[in-house]
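Lettered A, B, C and D in written order, each chain numbered from 1.
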């Protein structure tokens, strides 16, 4: 049997060249891959990179659009990061996001006629609660019956979306929506203002940044953050030391689910105004990728979310300018993701051949 | 006809088996990967790529069986990519898997659009036709349910036997099972962990590709965006449900197919008074309940999702 | 083959100038070693001296930076366990390399057939495993699942794996660290048989008595260098210890002192977890006294330890601590009441390997006012505490930020000692506290336990090492199938009597011991 | 006022193969080939991205924006407001608002006329009187046609029973097919094929199907008995003419989908010409004439149809 000729060795120190170099190489590789694909469509492959940068960051409009798309990803990325820290494999960000959105429209469409300084915090808490409950079910099944949460959270995504569909064709249906499965609009006091007049970027982005900061503090300084890390790394040792493992997992679920629920709130109250079945084009799943790209670091999540959003927005705009099928945008996101996680790994390990 | 009578109709069981067929392939594929310690969340995309490449091959003039081969090859190519990233490089299996799903499906769509830039209705092929097994297909009820299926369905059942034989009777199968339990045990017996895992993920992904191609070569005759429609994720659940055993996984897939076929029929019965979403939810809810019931006995591959880096403890 | 003429037999294995570096650390420094046919060589050294590393290089897990290996005069390709196996080298690893959910037979035949064969020849293999087991006295059922086996049986499977491949050189890395005395004895008998049939053996152990009894020759590593090689004949334990550590080590002595009042009383305790159970167990721990619990592993020791650790609530019976009945004890409560707990498995239960030293030393106390305010942890204080432990307990580590995984077993144990001894505990629960530690570290742990005793704490020592038990304890009791024998004063104990009790004599159900 | 072809961009939320969008795409392609427009499109744009894509096209200088604002109504109208010199022809269930958005015109697939006529044929061809309908989601655009179809069926078969099912997806033909097969099991002998996959089930079981929006009889010559076709050309051409004339305003283009505007038709009988009884054909012709003459109106009912 042939041996594996490759070994990984941890790097003792990481030079700046390595930290910056590998990610840049990763981006170049991904762009080269997409350039080849673009060539097949007859467009000029060399223009791809420039068009992408322009499409993502080139104008104020593009840059703000990138941040707009990054906003829900920061929330879902934080949700995944928090859960994964404690080795709670939450793949159900999508369901939790919708749960948060449902809570937002249940309470935000007129049921609570409160002024905005009261209503907005109330809705945020409600949305967090929705997401939290959504994740608490699989967490309970895990701690009580030992049911694998990867699978349950995944399955609950389907159930949740069907449930939302049922609500939107039933009790939550907008009577003014001419039969479309959509909810009523949230009232003006429930809406998050725009950050820039006439653009889509909204205060949800600021909330996302604050959330990242808060999670960072919790992770670094708080007893809960410590407990979550300990439980994630070694639940047996944590239990021995007196850390209540199941309770910590329950708290983790509340926090993680709550963050994903906030994504739903922010999309409804900041961007869409109401709830539809396509509120999220997979933000829950992309959040996992964002979290891992950030190596579960809360502030890294912000950067990773903006990166992922920029690649998508840039590539999508590029597809229109260059006249290639728009599916190239997702190809580019996937390629740069895979290249990027590899690059991040290579900044920590050295490849050795023998 | 009432809810109970439906259970005794041959067509219900025939539908259950039809619905289960792609799931059987893909579940077996995921099972092999996980038995080797690698979670393959790329399954959804790999099925898409299988559905597309198999169909395209046939559309371009290849035979149906060549289409299956193409699906298997394309599936294992993406499996290789996944394996290279998570086995020797030890990247997160979650992220890589989700990345593979995104890459494989969007690449399929992109190529589809390059090949068919100007279509207003999906191009079709001539798919597999049901093949009635002589004599057996004439048995009442059972014959109609089991022996009037397309050849791919028979292949799915054969695959269960083959995979069982492979895992439990061959030296390579033993290596795969062990590498998912304790890679050090494999290394200590002189076998390279990396190669075993890569091979297992490729083989498993080939099966996922075939599972995807069932959708375009047997269940239907053209390729659609998003047509895998979550079937891959269901297979992940089925693997757990089947406690990582091919026989039980088959049972799980059939059960799921049965739930699905049954809910389709119940939907007609309920006369629109129960929201249709309730029926669509049924298979998922029942899967979770089944998982709770099975949870006590599940024996995980111990090294699942644990990267193995030689010389590191 | 006898001890005397082993020196003239042909050379089977030759390691020449082996050097291995991990970053800045030189784990093996120009080590050369030869092994002759039929010879048993003991490889000695402190924790972290480089023994396992050297053997991993020999077996192909690691690639040496320098040096070469020859088997029977033929160079061995580097970095390939497959090649090592083919050359007749078998290895029983420090941590077993068995797949728990597979059968014994599966574990043995793995890799012995061409991988691409369509069917494995299991029946022939099974017959041969039976044959080997018979010939070498290694009884084990080939169809049993490994997870159902005792530690001793697993060890046998590991050895059978090597024999099945007709190994001519057998490496055993700390094979006795987790074995009961009986299992160790039977292992040595087997090893003797091997040597007589011409197998060569490298034997790594921290238990010097075993090395003296089993080996022909010893090689000693210190800081990665081979510092001594000598025949065993005429050597004493003290000699070997000095070779390893480079200084003489005096085992600590317990000064006689009067026992204090009872601090913890268990009465009529019954508990059950999996296969383990405790039945109407009563005992009292007195201040200033060490109570030793002897017994073959699997007779309820870990359950007893978990009970006092607060992990298990008894089904019936009461636990009285300092005069107060504990309703439903928890680890946190026990720690708060002054119970210092040294767990059996420092890797699995004692420490979180991927967290730093600072993070680990506060794991029991992070919620106390000393380290936290309003739910936030004061990491500066934690760091100071870690530095203090590192200094006071002489923990060798790069600093408070180092990940605990990188510490050697001895230093991990010191870290745990530092953590649990911080608040002058009234009770010390020490469960197998010196397993796998080198002589120096063992002595250190013993000193700390005796110091606690001197301060007036009650010490409960659970150990399978009778030497350790008898040298530290004031009183001894034997645990057998969940029942506790009457407590006997150290002075009244004879080894023979203890052995009989451990085998079940004098207990209600009597009969054979069961090492589950 | 525009000289040369009009720069037109279309934004679809689904791929161009999807029946509904395929009709728009076809009309646009024809107009492009005619030289009236320059045509670019983005397909499968999620609603989250919809507004951004609209703005990108506006920024790129496209004069006519064609799209579907079903779940992004406000956003689409906001874009129109920001680009008052562009023409927006947007699929919507709502009415235009000339005061707020003078450049925002709406259309929809109002082909209930044709659906009604196919219903008449279906009612005549079913033997069991049990008809299965498989849809994606119960949205107005789907409900409207199903309801008209069912009304047509009642016209020729008053005691007909309907089985209505939604599969919760636009793109799962295998699932649509299984659903249809289940309906056949429950006695249906004619299927209303709102989704791809339904006609395949009918073909496999040797029963009949009625098509919707597009004509698939060529693929199922023995199966598809009739189809209600949507023609987007009148809608698009009217918009193009308005833009050319500089007179584009917030009109309701929905009327261009009506039968009398040529926006829908019943597909040629083709292989079924001989199989449909003459009296039925006569009745269809009579109703068709009445619809075109405005003496008969097919009701527009957007409520979710239920099984009976």
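Some points to look at:
Criterion: a residue touches a chain if its C-beta (ideal position, glycine included) is under 8 Å from a C-beta of that chain, and two chains touch if they have at least 3 such contacts.
Source: prediction; values computed, not measured.
Of the two chain pairs considered here, B-C and A-C, the higher C-beta contact count falls to B-C. Rounded to whole angstrom, the centroid-to-centroid distance between chain A and chain C, based on C-alpha atoms, equals 45 Å.
Chain centres here are Cα means. That of chain C falls 76 Å from that of chain D. Note on chain placement: the centre of chain A and the centre of chain B lie 27 Å apart, centres being C-alpha means. Along chain A, residues 1, 3, 162, 165, 169, 325, 327 each make contact with two or more other chains. With touch defined as above, residues shared between interfaces to two or more other chains in chain B number as follows: 109, 190-192, 277, 280, 310-311.
Counting partner chains per residue, chain D has residues 44, 168, 304 touching two or more of them. Chain pairs that touch one another: A-B, A-C, A-D, B-C, B-D. If you check the complex, the residues on chain B that touch chain D are 1, 9, 11-12, 15, 18-19, 109, 118-122, 124, 215, 219-222, 224-227, 229, 260-261, 264-265, 267-273, 276-277, 280. On the side of chain A, the complex with chain D involves touching residues 61, 65, 68-69, 162, 165, 169, 177-182, 185, 198, 200, 267, 271-273, 276-281, 313, 316-317, 319-321, 323, 325-327.
Chain contact summary for the complex, chain C toward chain B: residues 56, 59, 61-62, 80-86, 91, 93, 95, 97-102, 106-107, 109-120, 161, 405.
Listing the residues of chain D that touch chain B in their complex gives 15-17, 19, 22-23, 25-26, 29, 44, 132, 163-175, 177-179, 181-183, 185-186, 196-197, 200, 214, 216, 219, 304-308. Looking at the complex, you find that chain A touches chain C at residues 1, 3, 12, 221-224, 226, 229-230, 233-234, 236-243, 354.
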